[in-house]
Amino acid sequence: MARFMPLEQAVRENLKDGDTAAFEGFTHLIPTAAAHEAIRQGFKDLTLIRMTPDIVYDQMVGMGMAKKLLFSYAGNPGVGLLRRVRDAVENGWPRSVEVEEHSHAAMANAYEAGAAGLPFAALRGYRGAGLPEVNPNIKSVTCPFTGEKLAAVPSVRPDVTFIHAQKADKKGNVLIEGIIGIQKEAALAAKRAVVTVEEVVEDFADAHPNLCILPHWTITAIAEVPGGAHPSYTHGYYDRDNASYLEWDDVSADRDRFRAWMEDNVLKAKAEDFAVRVEKLRVAK
Amino acid sequence: MARFMPLEQAVRENLKDGDTAAFEGFTHLIPTAAAHEAIRQGFKDLTLIRMTPDIVYDQMVGMGMAKKLLFSYAGNPGVGLLRRVRDAVENGWPRSVEVEEHSHAAMANAYEAGAAGLPFAALRGYRGAGLPEVNPNIKSVTCPFTGEKLAAVPSVRPDVTFIHAQKADKKGNVLIEGIIGIQKEAALAAKRAVVTVEEVVEDFADAHPNLCILPHWTITAIAEVPGGAHPSYTHGYYDRDNASYLEWDDVSADRDRFRAWMEDNVLKAKAEDFAVRVEKLRVAK
Amino acid sequence: MNDFTPNEMMTIAASRALTSQDVCFVGIGAPSAACNVARLTHAPDITLIYESGTIGTAPDVLPLSIGDGELCDTALTTVSVPEMFRYWLQGGRITIGFLGAAQIDRFGNINTTVIGDYHTPKVRLPGGGGAPEIASSSQEVYITMAQSKRGMVEKIDFFTSFGHGDGGDQRKKLGIETKGPTLLITDLAIWKPDPETKEFTVVSMHPGVTREMVQETCGWKVKFADTLEETPAPSELELKTLRDLKARTEAAHKGQAG
Amino acid sequence: MNDFTPNEMMTIAASRALTSQDVCFVGIGAPSAACNVARLTHAPDITLIYESGTIGTAPDVLPLSIGDGELCDTALTTVSVPEMFRYWLQGGRITIGFLGAAQIDRFGNINTTVIGDYHTPKVRLPGGGGAPEIASSSQEVYITMAQSKRGMVEKIDFFTSFGHGDGGDQRKKLGIETKGPTLLITDLAIWKPDPETKEFTVVSMHPGVTREMVQETCGWKVKFADTLEETPAPSELELKTLRDLKARTEAAHKGQAG
């Protein structure tokens, strides 16, 4: 049953050291505010799951919070590499990070299987690719009807998933619109689901019947955090801050500069600051 | 690439004797007009697939068109049994019909696997149930990670799928709204997809981005047939004709009465008659 | 107002077993009426799910089928059928699967497939639909049906959905982790499985019902609990809610002509 | 107007390979520009799909990521990521998978995962994302990249996505039924696989390019076709379309401040 609470409490009650945690968002609706709150609370030894770890995971890895990454594309989308992730993987700074790497197709299927309560997902994938040689969690199953051999990956079942969404209604139902990505599956696959939203509305009575809605009884906690996806975007609310993604490439290039930036923009900041950051990016309703 | 054409032509070009055909619709949006056109054209030896064969399949079986039924619930929903299907299965009238029976969960997964290009679907299903003993197409796979044994069924890949939808746009994209059922999967799983629609509109520019839309290049033929789902319904256009479902229970109870009804209401009728049948059932827009 | 039919008592007794916290996968017929009476009386926040994909639905009239437009119009959201069976049922999110039955045995195994042999049936029934996996994936299963010797039998003709098998821990032995049938509500009594044997045992009889009446309409030798309760008669509110619902339903379904 | 950069020639040559009948799974970067130039010139009805779930998208500016809002705003429909990879890519509905590459070998095998050893990499690159299955499930694969000895190598460090392996019929031997890489467009030339060996062979050089220039920027010994064509220079329309698109894109991405 969804409970409304401040983000600080939602993170504190639902994340703990050593957890397997997904902060999901496929370019759109990345739960930046929740990730920054987790950074402020200083968790350790997390296994961080995400199809597309971008600058949010670069920040968490750079702060030494992760012992393992499970992912399928670790880049700053459209800009380049993740320099803090590179530093951890290549040089063990500030700590070494174990890597479990999949393809997008495999991870999407693994989340889907997690949401569906299955222990594994089968896909026609990885044929000829190098990952099965370096990732022992890529196995195979044989179709009992045709004999075709398919790739198999374990389902993803995070301890906790954090997502950002457009709206909650007063009962705690959550509406996700636009590029919906993998968030529904990530939330349903997790033991606990924490959602930040742009706003809370009365109800979804006027919404089209086939939209992507998570019922309140699938969600653990909801925090209202306007702008909470910045520098990612929220369809219908504000645009992607592409300049910030470009800027990150510089900030993250140097360990000291990274630390200073984190101090100023994350450690000393709070959830309410996100509303200000998106002010100039807001779209006409 | 979707081509617009009269229903008579769409059925003639895309169905042939011996085909494996799905006329799908989960209570809502049943493609009755297409099925009646198939009856008028007198096809034989069809393998008819449908999760919920209702009175449309009762009619096709009663006319002797089917050599096999693949289904998961063969009833007149909320009314009772399918008397023509019973007569075929119990007494071989007008011909015997082979039955391949699954659960809803298995068939939904089998269509889903068909749409996903997979040879089989795995599900946690059939445990303790009697169907695996009588249906050789229910096998099992073992999860390579946990050792859990799951049920496996072959994917469903019809030669042709017929569905009914609310709208096509001028390019031939198709919009399905409300209880969307299994139609998207049934269309994508098939070699050929034929769609009847209530109306053709300019485009879907104002539609919400996350609706259920089949792009024109996934569809073979489109025929505009207002009322084409009657006595099923089309959300936003006309209500379910529950009285007709109740009436069918009487009509189908007797072989002669059935034949006479089919003569009057199907063989002598045409696609255009459906618009008249739903006139009193139309909902305010 | 104290007059009520056994069928009304059955529906109302069934409705009382549901709470606002339940996420209920609703079978059509008696389960649908019971679930909606619960929603309209003591369990306003119950989540009702129909296999057509409608989640959190609140129909004003009872649907004739599991896919009536009313279900979609009043739902929180409507998903595809594969999603319904994968994410919502198989995903373990259903607290109560609510089933009817054509044939049932003392261990809550249900047959809605055939009377007679499967391959040469005397009567070909509709089949299982969602029932096989509703019975195994829902956290618990409630069953409701009117009693008759034809319906409550020593041995069912076909295992459409699995209850407790031969009883005891057979579910577990088959790898089924859920509780299975935990409640049977008939037009005469409320039954619960014996904690050990899992045989359905009468724990409460409806007002005016005798042990003989229960036994006469049941095909197996009925077990009664040591302390047998009397089901409270329907309250005025319960009865009015059910009758209004039925009246609205009848008007809606008859009001349409082909 | 006859002045153009090698990069512009590359993008425009790539765009010409696409038709209005294609359903194209678009990688970010050079493929995205080429696909949209095709859409804005000779292939107005091409279907562009980005792995974020946007189907039939027609962006006015090039997206910085595969999930920019512009892609959703202009799409026919936007589906979930699992659906994208299951129904649309694995379902066999993509005619052209269009990829970029950090490292490529002569058989169209691509590496975007690591430079050096996988477990102790010299450079950890972003990884494959959608590429492994785009390469195996798309009916054909087009690749576009600027030539360099660092990028076009004798032996790639990691098989992120499989092209033709060691050549010949190795795809088939691995159970991959699709055609694989059938076209490589660089800033200097157009390459096609030899029908037998599947080694990429230069079939056309862009205006002003010499064999030496192609060889100097390629890490393997280049094969040239017997009859070598010259790629037609960009037309005025093509060049204007590409430059306008880039200008709109730059303005849009720079115009935002955190």
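By letter and in written order, the chains are A, B, C and D; residue numbering begins at 1 in each of them.
The rule is simple: a residue touches a chain if its C-beta (ideal position, glycine included) is under 8 Å from a C-beta of that chain, and two chains touch if they have at least 3 such contacts.
Quick caveat, the model's predicted, so the values are computed rather than measured.
Any chain that touches chain B and also touches chain C is listed here: A.
Common partners of chain B and chain D, by the touch rule above, are A.
For chain pairs A-D and A-C, the one joined by more C-beta pairs in contact is A-D.
Averaged Cα coordinates give chain A a centre that lies 28 Å from the centre of chain D.
Chain centres here are Cα means. That of chain C falls 57 Å from that of chain D. Inter-chain spacing, taken between the CA centroids of chain A and chain C, is 40 Å. Residue positions 72, 78-79, 86, 90, 137 of chain D each touch two or more of the other chains. Residues of chain A in contact with two or more other chains: 112, 117-118, 123-124, 148, 178, 180, 184-185, 209-212, 235.
Interchain contacts give a graph that is no line, ring or star and is not complete, per the touch definition above. Here, these are the chain pairs in contact: A-B, A-C, A-D, B-C, B-D.
In the complex of the two chains, the chain D residues touching chain A come out as 28-29, 51-54, 63-69, 71-72, 78-82, 84-86, 89-90, 113, 118-119, 121-133, 135-137, 158-162, 165, 170-171, 174-176, 252-254, 256-258.
The residues of chain B lying in touch with chain A in their complex are 117-120, 122-124, 137, 139-146, 148, 150, 152, 154, 177-178, 180, 208-212, 235. Residues 1, 112, 115-118, 173, 184-185, 188, 204, 209-213, 215, 217-218 of chain A are the ones touching chain C in the complex.
For chain A in complex with chain D, the touching residues are 26-28, 51-52, 71-75, 77-79, 81-82, 85-86, 89-90, 101, 103-105, 108-109, 111-112, 123-131, 134, 148-149, 178-182, 184-185, 212, 230-231, 233, 235, 239-247, 277, 280-281.
Here chain C touches chain A in the complex through residues 21, 23, 47, 55-56, 72-73, 75-79, 86-87, 90-93, 137, going by the rule given at the top.
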